[in-house]
Amino acid sequence: MKLAVFKSDFRTGGDMLDRLSAEKLGIIFVGNGIYHAAVKDAGAADPVLQKSANFYVLAEDLEVRGFNASQVPGNVKVVTYDDVVDLIFNEYEKLVWV
Amino acid sequence: MKLAVFKSDFRTGGDMLDRLSAEKLGIIFVGNGIYHAAVKDAGAADPVLQKSANFYVLAEDLEVRGFNASQVPGNVKVVTYDDVVDLIFNEYEKLVWV
Amino acid sequence: MIKKIAFIIRSLPYKTEASRLAMTHAIASQTVEIYLEDGQNVEPIVALVGDGVMNGLKSQSAKCYGVSTLEQHTKNGLLLDLPIMYCKEDVERLGLTEDSLIMDADDLGGDMKARIVPMSEINAALATATHLQIF
Amino acid sequence: MIKKIAFIIRSLPYKTEASRLAMTHAIASQTVEIYLEDGQNVEPIVALVGDGVMNGLKSQSAKCYGVSTLEQHTKNGLLLDLPIMYCKEDVERLGLTEDSLIMDADDLGGDMKARIVPMSEINAALATATHLQIF
Amino acid sequence: MGKITIGAFPGLVGSLSLDFAVKLSEAAVKKGHSVDFWVSSNGTMLSKKGQRAFKDYSVLYKTLEELFKTGRFQACACEACAEARGYHKEDTMDGWIRKSMDWYLASCYNADRVLLIGGE
Amino acid sequence: MGKITIGAFPGLVGSLSLDFAVKLSEAAVKKGHSVDFWVSSNGTMLSKKGQRAFKDYSVLYKTLEELFKTGRFQACACEACAEARGYHKEDTMDGWIRKSMDWYLASCYNADRVLLIGGE
């Protein structure tokens, strides 16, 4: 299946993400999930970013928290609410929120 | 200081607990904090229980979640709401909730 | 046409309403037909995963708080023929066994049995669902 | 008599109201005297600890959501002379620097400076407080 | 054009998760999609009439009023969840309907996409 | 006998954290202590008049009614937090007062113990 996971928290939900499997996996960082893309905890790359998936981060949720697109790793695409709507309807079939 | 920490969650708050220091430390497991006392995750003793502290667990919160006093390690005292009131007023001066 | 909708429960019970809501919304499939056309129906799949397996623990007693327990909700789900799966890896990780979990609603006259299955099997079931939801 | 009350912020901003509430309640110390006797007062201590240091990050923009930012709250706290401490170990762990954090309210005419201090110093300050609260 | 059902369960006034749900609805409706919006549990707070604007809160009811006007947005609150919290019919903001949980399942049945915002 | 101020901030109807706060108040008052109970943010839901009892929710308002009768229990809701959510004076359960946040700080000043229930 083509699954998009909205990762909305920084410190929880990783266990659930590890258990799911999908042929095509998208991980969309929203809310406090954006810290996965914006921060290196203790200098280490975030383990979520090591997954085999397409990564997206919501621009508005970066900005409200004091970050911007230039601080995000190259393999994470910065998207708007508009883009998220297109991802939902055109790229993925099933959606979950953790 | 004499500090009582109400540990109300299982998967979060440990980082805060690690940062606090007190001459006398009490850790009172309430709410979903009771899993620290009731469960061995992957067979390992819970790291919180290794701390130098007095441990308590609220009987009512064990029972609602399907556990009882016999399932709790010997170094954790099972207490009631009544006991918690006495701990608060007689044993500890400052209280925090994580 | 029957569409499967998956209710994946990863939350511990009681601190929030998440797992309770999963169960009550899944059970609402019993009456969904009034909103649908002939031949249409919803078939829920309930999967308890991660710490969520704790929702099915026996001997929950909510006397003190005066609320229904998640044990009761699990049993009601089985009584109403909802398929309920526990993730085997998580059951084992948390030191639980079949004996410690609600596996049937025999005492209420229910026929459906819960199953403890590997996560791979839960993922296979999720692949057959039209929509997924995580609580 | 002046009593110190500590507001310890460990929560990330926005997902919940926790850190916002810490700031608004600490700032309410400005008007608490109306409820107290002569000579009595409350002195807040604000400590940003763990992930909570993120609340003081510069350049927060809430245009999209139309709410006040935690950056503004941090600055307001300094403007109103609240002592604000960031935990040094956490600032470093998360790759932040003094430049990336709100350290003063100079542009608003405030005198108070925030300080980045080791957790041991925060603990020493907490020991002087009558009551502690974690948000 | 498609239909998405968004469920906001433990979504709360003061949490940007609820803002996310409303902003996503707005973006979807602007693109011509239709949205069913279901609130349950504490999410029913969003349907309360008479909310006041303060600078510490985003003012979601104004966005909802605009969304209702488009005709491509339906919002429904779980009736029992609302009653339990003391929100009766007369407490409900204009535009909202109140139904039991089977309404939500039927909406999911007829939706191209479902997003349940469940985590707290 | 002492006084404890309990703050329930993001405490929610449907979360047993709020039940904990009420049960602890009850136990403290029974032992002769006095309790100031402050709700802020979504915790203000507890002060809403007209809540209905359902089996999936504990019925905290009944315990509160008993506590008010003892004369050793005060409950106060943050006024702005309540207004933001559409709870006006006439929506407030009997026995509750509504004040701004400085009331809570003054209560803390005069309390022997303070317990803020803040985590979600």
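Observations on the structure shown:
Every chain is named by a letter (A, B, C, D, E and F) in the order it is written, and numbering of its residues begins at 1.
FYI, a residue touches a chain if its C-beta (ideal position, glycine included) is under 8 Å from a C-beta of that chain, and two chains touch if they have at least 3 such contacts.
Keep in mind it's a predicted model, so treat the numbers as computed, not measured.
Among the remaining chains, those touching chain A as well as chain E are C, D.
Separation of chain B from chain D in touch steps, taking the shortest path, is 1. Between A-D and C-E, more C-beta contact pairs join the chains of C-E.
When each chain is reduced to the average of its Cα atoms, E sits farthest from chain B. Summarising the inter-chain layout, the chain whose CA centre lies farthest from the centre of chain F is A.
Separation between the centroids of chain C and chain F, computed from CA atoms only, is 33 Å. Annotation: 34 Å between the Cα-based centres of chain A and chain B.
Per-chain Cα centroids separate chain B from chain C by 29 Å.
Chain D has its Cα centroid 43 Å from the Cα centroid of chain C. Multi-chain contact residues of chain E (touching two or more other chains): 10, 12, 14, 16-17, 23, 41-42, 56-57, 113-114, 116, 118-120.
Shown for chain D are the residues in touch with two or more other chains, namely 14-17, 24, 51, 64-65, 131-134. Annotation for chain B: residues 8-9, 11-12, 31, 60, 64, 94-98 touch two or more other chains.
Pairs of chains that satisfy the touch definition comprise A-B, A-C, A-D, A-E, B-C, B-D, B-F, C-E, C-F, D-E, D-F, E-F.
Within the complex, the chain F residues that touch chain C are 12, 14-17, 19, 23, 55-59, 120. Interface of chain D with chain E (complex): residues 14-17, 20, 24, 64-68.
Across the complex, chain B meets chain A through its residues 11-12. Interface residues of chain A facing chain D in the complex, by the touch rule stated above, are 8-11, 31-32, 35, 39-43, 60, 63-68. Across the interface of their complex, chain C is touched by residues 1, 3, 15-16, 19-21, 94-98 of chain A.
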